[in-house]
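Naming follows writing order (A, B, C and D), and every chain is counted from residue 1.
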Amino acid sequence: GSPIFLIAGPCQLESLDHARLMAEKIAEACAPTGTQFVFKASYDKANRSSISTQRGLGIEKGLEILGKIRDEFGVPVLTDVHEASQCATAAEVCDVLQIPAFLCRQTDLLLAAGATGKAINVKKGQFLAPWDMGNVAKKVESTGNTQIMLCDRGTSFGYNTLVTDFRGLPIMAQTGYPVIFDATHSVQQPGGQGATSGGQREFVPVLARAACAVGVSGLFIETHEDPDNAPSDGPNMVPISELGALIGQLRAFDALAKGL
Amino acid sequence: GSPIFLIAGPCQLESLDHARLMAEKIAEACAPTGTQFVFKASYDKANRSSISTQRGLGIEKGLEILGKIRDEFGVPVLTDVHEASQCATAAEVCDVLQIPAFLCRQTDLLLAAGATGKAINVKKGQFLAPWDMGNVAKKVESTGNTQIMLCDRGTSFGYNTLVTDFRGLPIMAQTGYPVIFDATHSVQQPGGQGATSGGQREFVPVLARAACAVGVSGLFIETHEDPDNAPSDGPNMVPISELGALIGQLRAFDALAKGL
Amino acid sequence: GSPIFLIAGPCQLESLDHARLMAEKIAEACAPTGTQFVFKASYDKANRSSISTQRGLGIEKGLEILGKIRDEFGVPVLTDVHEASQCATAAEVCDVLQIPAFLCRQTDLLLAAGATGKAINVKKGQFLAPWDMGNVAKKVESTGNTQIMLCDRGTSFGYNTLVTDFRGLPIMAQTGYPVIFDATHSVQQPGGQGATSGGQREFVPVLARAACAVGVSGLFIETHEDPDNAPSDGPNMVPISELGALIGQLRAFDALAKGL
Amino acid sequence: GSPIFLIAGPCQLESLDHARLMAEKIAEACAPTGTQFVFKASYDKANRSSISTQRGLGIEKGLEILGKIRDEFGVPVLTDVHEASQCATAAEVCDVLQIPAFLCRQTDLLLAAGATGKAINVKKGQFLAPWDMGNVAKKVESTGNTQIMLCDRGTSFGYNTLVTDFRGLPIMAQTGYPVIFDATHSVQQPGGQGATSGGQREFVPVLARAACAVGVSGLFIETHEDPDNAPSDGPNMVPISELGALIGQLRAFDALAKGL
């Protein structure tokens, strides 16, 4: 196996300057261990709990920023897409298109994403079993695109709570595709604060260590320089100041798991 | 309160002749009790478990058939929409637009549906708590459209299984909007047959009686003349031959619950 | 079928005077509809959330009170047993021995209870599927005692929450034994208040109506003249002043379900 | 921190010879890493799914065997107790008394176990949240005994399935007591084979690695020389021939997690 790579960035794009700051800090956090990273940010939070919260910069402005990050930092960039019509546009800039968990069974979106030829990261729906993701992958495969990643971000467990079933990681890996563990959304408490989601940031390192010990290809971690004031997903994002130490720790567990 | 109404029809549109047969049989089943019904059918099964199963007739052909049913039978018609761009088109023909459960947090879809001015039936996501639906309704309300219905179709309970929490019906009713109980999808076993979903048709009357005793505005029931050979959702659809007796039974429970 | 009967009483025995008051009020609540009832109370709360809460009067004093209620009111009495050695003693006074949900797989307790020849009410464990109760019943049957009732009091659903799966009632009825719905523990929030359990009293009538519409042999309802100050289970007990109206309502749903 | 220790043995005592074989093989598996182990076996399977399966040798014969293992191998021994009256007897031989998950809220059992002064290993009920175990520990503490271990063996997740929430390990550790991860019961499928429980032996190493990465004081692993023909819990026991390699692997993750 290869060492884990990272998909990291702020939950949503805030501005070019903010994206640059994030990319720079993530690069610094990854440097000591030589960890590869994909820069992740959303141009649109298309399914927030409430209408009264911020959605983001929009696709045009968002992709412009992602393109600059890609060029300036020489890193692949990822964004999530929400309707089939957005895929081709996002693919002009992005190296990886991400299918949100709620949308992981939307056939048209999967086909349009697959048809771009870009790598596709599909989040497992909170309502799906890990073995259901094989059928999801086959939808993308049907376009001839086999650059597929399957990502676990937790499973519904009662109300307003997710649980991570770590058996799911090797089960999804049976598809032959790389498996990613989304360590920050897995500690989200959906709708847990009424009009926004809560989160348990303190458990990100706990679950991420577990994932590396089980064995994954990559980790997805949202991060921010000031999570408590971030426009979305603050309660579950990792402060950027703690990212470097976390990566170091996770690389050690990954190396042990993979015999690197 | 008013007596329950029915949203009924086959899971997917198969042909004009089939839709006519269904509408005729549903009308017959509703006649003895004078039950009002909305004819429901999908022009596209946009999120099926597997790529290898049938999706449907498409929006153009589908709406043409729904329009004919509407005219010939004098009943309102409902279809589900999957992307924002479909809403205005569907609204040209349909009286009710339905938001699928997986898509119930997609802001653009809710706004586009709301903006048509048509009645909107939003299915509660299997991943949401009943109290989370207030925020969903507010997204539609923000368009000025308050013709909203909230529909329960079960909640994730372990893998490949749903459970109906009947506390959810009065909780959703606290929004002030009519609450619908989807008696056929609530007994679905998502992904329970590998490449398709399973279902427990035998529990439809059980849960529907419970919903009427708890108190609902309407019931959603998919039905087919030959469910075992239907192109989708066969395991959970009610045979049309049993629909009349079921409605009669449910109207009695509804009347008792509402003191009619 | 026969009309539903009631298992009712306070969660725990407080004193002879209190038990008399409860029995009298329950009798009054049942009289208008001629509803049969079994008087229920615990001599020991053997598995409370916390060591710092009240356990009750103990087996000797408790059985003495239950015996007096039985004689004075001419009603059968029920109590729960917690260890095999208590069964024969409790059976000297009680008509029904109840197996608590946590203990529903304890073979010795089931065998000792069965061996008394008394009726046995087994609560389904919150951790069991309804179809698992067939094996539980067979343990009691192995003693030659087939006076068995199976009782649903909710199933674990995430943390500190129960959900009632109404499919479970007909599934348990397939054993051939009477099925009871425990309407007050089904709305318990186990451990939901830290050192004690919370509850949602307002949903007792909701779930009880649903159970009657689905079809049950009996209902289990804990009641108190002042639930907010009761020594245990206050948040989910029904105020005795509301019991009569509730029974009237439930008998109507039961009659409709059974065609009485 | 100290390196993890092991609680290991067959699910149930079969004979003195079998116990000796198991103890010898476990000792061999532990020797290369110098891993301390507690020999575990049950004299009575008191809550099996079905009455028709084997319960074990009984307390007298069972304790005699455990005493011999203790003397011959110089290891501490553990057994589970099911009623308060068994605690003092079991404590004459055993170093650790274990409270089964279903019984973890039975106050009398916890008090009787605590009163022996022996170490107490309490399994978290499948129906409890990890934070509920603080109240459980306080029941034992109230006897003056603070030699307490809290053990996670999975949480109810839908029917016939458990899930391990790894957030629960650090949450239980907040009590200050050592936390044990039960790697074999966590992959049990309760009642999953009708009259017996199923299991997913292949996931034992997966979840055990995760637990070590998260950080635990010890691991509980049931093992057998021929699990497929073991009298109970075969589907989730680890073949003894694989135990040594597993321990080696787990010690490495443990050392990394604890900086040993």
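Here is the rule we use: contacts are C-beta pairs under 8 Å (C-beta built on N, C-alpha and C of every residue); 3 or more make two chains touch, one makes a residue touch a chain.
What you are looking at is a predicted structure, and each value in this text was computed from that prediction instead of being measured.
K.L.:
Suppose you list every residue number at the chain B-chain D interface; are over half of them used by both chains (same) or under half (different)?
P.N.:
Since more than half of the residue numbers are used by both chains, the interface counts as same.
K.L.:
Using C-alpha centres only, name the chain that sits farthest from chain B.
P.N.:
Relative to chain B, the chain with the farthest C-alpha centre is D.
K.L.:
Which chain pair is joined by more contacting C-beta pairs, A-B or A-C?
P.N.:
A-B
K.L.:
Centroid from C-alpha atoms only, then distance chain B to chain C, rounded to Å. What do you get?
P.N.:
Centre-to-centre distance between chain B and chain C: 37 Å.
K.L.:
Could you give the separation in Å between the centres of chain A and chain C, each centre being the mean of its C-alpha atoms?
P.N.:
So the centroids are 48 Å from each other.
K.L.:
How many angstrom lie between the CA centroids of chain A and chain B, rounded to a whole number?
P.N.:
Centres of chain A and chain B (C-alpha means) sit 33 Å apart.
K.L.:
Which chain B residues touch at least two other chains?
P.N.:
Counting only residues that touch two or more other chains, chain B contributes 155, 157, 159.
K.L.:
So what shape is it, when you link every pair of chains that touch: line, ring, star, complete or other?
P.N.:
complete
K.L.:
Show me the residue ranges of chain D that touch chain B in the complex, using the header's touch definition.
P.N.:
Per the stated touch rule, the residues are 157-159, 161.
K.L.:
Hey, which residues of chain B end up touching chain A in the complex?
P.N.:
46-52, 55, 82-85, 102-103, 105-108, 125-129, 131-132, 135, 138-139, 142, 155-156, 159-160, 190-191, 195
K.L.:
Give the list of chain B residues in touch with chain C in this complex.
P.N.:
Per the stated touch rule, the residues are 155, 157, 163-167, 169-170, 187, 200, 203, 206-207, 209-214, 252-253, 256-257.
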